[in-house]
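Chain lettering (A, B, C and D) follows the sequence in which the chains are written, and residue indices restart at 1 in each chain.
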């Protein structure tokens, strides 16, 4: 009996906490059949405010868009359930960034076959030199359709955050980058840790494209977007950002 | 119309995602009137498994238990809604740690009156030298009832994670610390960032006492506990841990 | 016999390696009786080039000017032989910095009485809670004549480099600081490590005032100045810089 | 006239500062024709003390042994004058390490063709995508005769210290490494910065093989060896270490 009450109270709390943003987001994601929610007027306004951004001071971090994370055919234990679905959005975001002259950084994991440079809690996946995203193996390659072009930068990391024990901050700060736009997988781990570190490192504007990022389940994605919003991160859709 | 459907589908997803842990936790937190869920038998089992832990290789991080974060009387913009309620649990966890000889680290924020060492998105709180947890002001003091004793360590930080741009990892690793127990506020920011960094830094066992930590709202607390569990963090109650 | 040859060949090498800078420096340091080496003309030129520097983008790091390092009366095992002699020059450099509106950062060591946060090779100095520069003890205070004024920043470190495991880079970069001027003790350790880290962190101009820094022995000081020059660090005298 | 005096006094200071170690070292380096300085007796003693070291807790860092740094045929602006001469000693040190089961880490620079990840003061070398040690170009390859074998680790860095903005400390600490042996080029920059960071990171024993490391000039090499000795670093010859 009490457990039913608990369930109900929990639901109530959750419902109340779904602020307008989340509802709006869900509506557009699952019922996006031309509702016109962000019609001509909204889009125009968005475009205008974007025009003030200095793209030369902006970098886009594309995070972990590797086969072992987003391609179910790899049968990797690291597959992110919602990953494959956002590949087209990530590709589109990259195309927009290129058109704007935004500096593109492709952040990837590449691990030693022994797994000696992977987190302790994942190390059991590495045996016989065949763990997830081992350097040189197919699982470490970018998802089909994503390609690093000349002038773009590849950054290898071994932990969630793209800033953890890497020279990413060095490359970005020296290039005069002040704003970051983040896409990829997965929201509660690599996306969020990169975002929180970016805030800690005083990037002026940190933007997460909420439909070009993904988690294993929608509620995990949403609760993390909420927490990022709470520390000043911008969370537009790709449509709003473009 | 579609928005009602969205709401319903969202609720469904949320209900399905409430795994046994969360239900169990909620049940114990709000209906703890002697249900016997963790009766003599469970407690004994818990105690036995704890006996194997090496307390000399364990440190407890007490995070941000400062007046401006947990004492409503301070009227600080940084007050964590759920903070005051966990002060007794934190005090008790500290007492247990002392009895076991666990190394205690008191992690606090102490900012320059100018706010020049605070995150950009919070800097507007600092004017006239009176921002939250300014070094030397009352708001930076530990909450009433919490005291740093001889042999314990005070570590000052300026960002969410206790490991960000501090020498905490240096002090802990050199002291042979392999396991961390974390208490304090608040779950989505300072607690979680410290926890994720601890995992990235390869601490073998990272434990968050889920009723000696707090966030502004229960669902924020719970969704973050869920994410930490998902990367191998242990999340007992104080009762289970003691 | 061969050892005499070795000695001679060594001397030859050393003589040849004393480039004009070092000779010039030595001449001015030990024979500074108005030789006019940097007479009116040179000084004017120097002053002009300095006028172009943007002082608002410059910070001065005053390093380890604490009693245990520079005051022989403390009888500290950490005393730097050449330290006391440069206190006046450091004080003068600080005065010049203040007049120019340069951001002043006072970098100090403050250690736990247990010595648990000091380098392993120095830990034996800590017993009975009385090691060098223990927080709160007299040896950790600034040398007589040096005072931190309002608006200036105190940064505590536990290793040689002021950037190692501290938030110094965060404070400086966020404040728009691009150039550093460094004074204090001692050249081969805290000065040099701070300088090399500053170069690694891409500060545009790193300047060491060679007569407001000191080591245990002149040749140690000079060989380190040489190495810093070799990676692009500027090494004027206080007179040239003022 | 005074300048001659200055020169003489400087020489005197330098001669006096050449302690027994340096003389011994020079003697062995340039007059090593069977002088018997470290005859059977000394060698035996050395071997015995080494036997106590735990090789499984030791890693060897081979630093920057890339063609652009040590092969004059590359005509690189980054060539280290004394580099080529120590290739055989480095190869031998590596062979000894392999026999002992020491974990081998090959630390290399690999830069972006644009030079955007190189130090500011060296960035002018990068134009037309042809700067020193650009990833994928011949100059970034290991010197002839040096090969990374299976089970060994390659670590890419972009600054002097192998620990600066890399995950090296993470890999080493997690593998239980407590002692480091360092070989490669060049002494005042990459070797010394790696060594000082290793000391700051509390590695218990840091050893630099003084004839398997090199600088542009002998006196630069020697003055840096002196400074490393002064902070507790061990500085044997390869012969003494093997």
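By definition in this document, a contact is a pair of C-beta atoms (placed from the backbone, for glycine too) under 8 Å apart; a residue touches a chain by one contact, two chains touch by 3 or more.
Here the structure is a predicted model, which is why all the values come from computation and not from measurement.
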From the options A-C, A-D or A-B, the pair that copies B-C, where over half of the contact pairs coincide: A-D
Winner on C-beta contact pairs when B-D is weighed against C-D: C-D
Chain centre separation (chain C, chain D; CA means) in Å: 26
Distance from chain D to chain A - Cα centre to Cα centre, in angstrom: 40
Chain centre separation in whole Å, for chain D relative to chain B (CA means): 44
Multi-partner residues of chain D (each touching 2 or more other chains): 120, 159, 164-165, 170, 174, 200, 202
Interfacial residue positions of chain B with respect to chain D in the complex: 170, 173-174, 200-202
Chain C-facing residues of chain B, complex: 112, 114, 116-117, 120, 151, 153, 156-159, 164-167, 169-171, 174-175
Contact footprint of chain B on chain A as seen in their complex: 2-3, 5-7, 9-11, 13-15, 17-18, 22-23, 26-27, 30-31, 35, 119-121, 159-161, 164-165, 188-189, 193, 196-197, 199-200, 202, 204, 217-220, 223-224, 226-227, 230-232
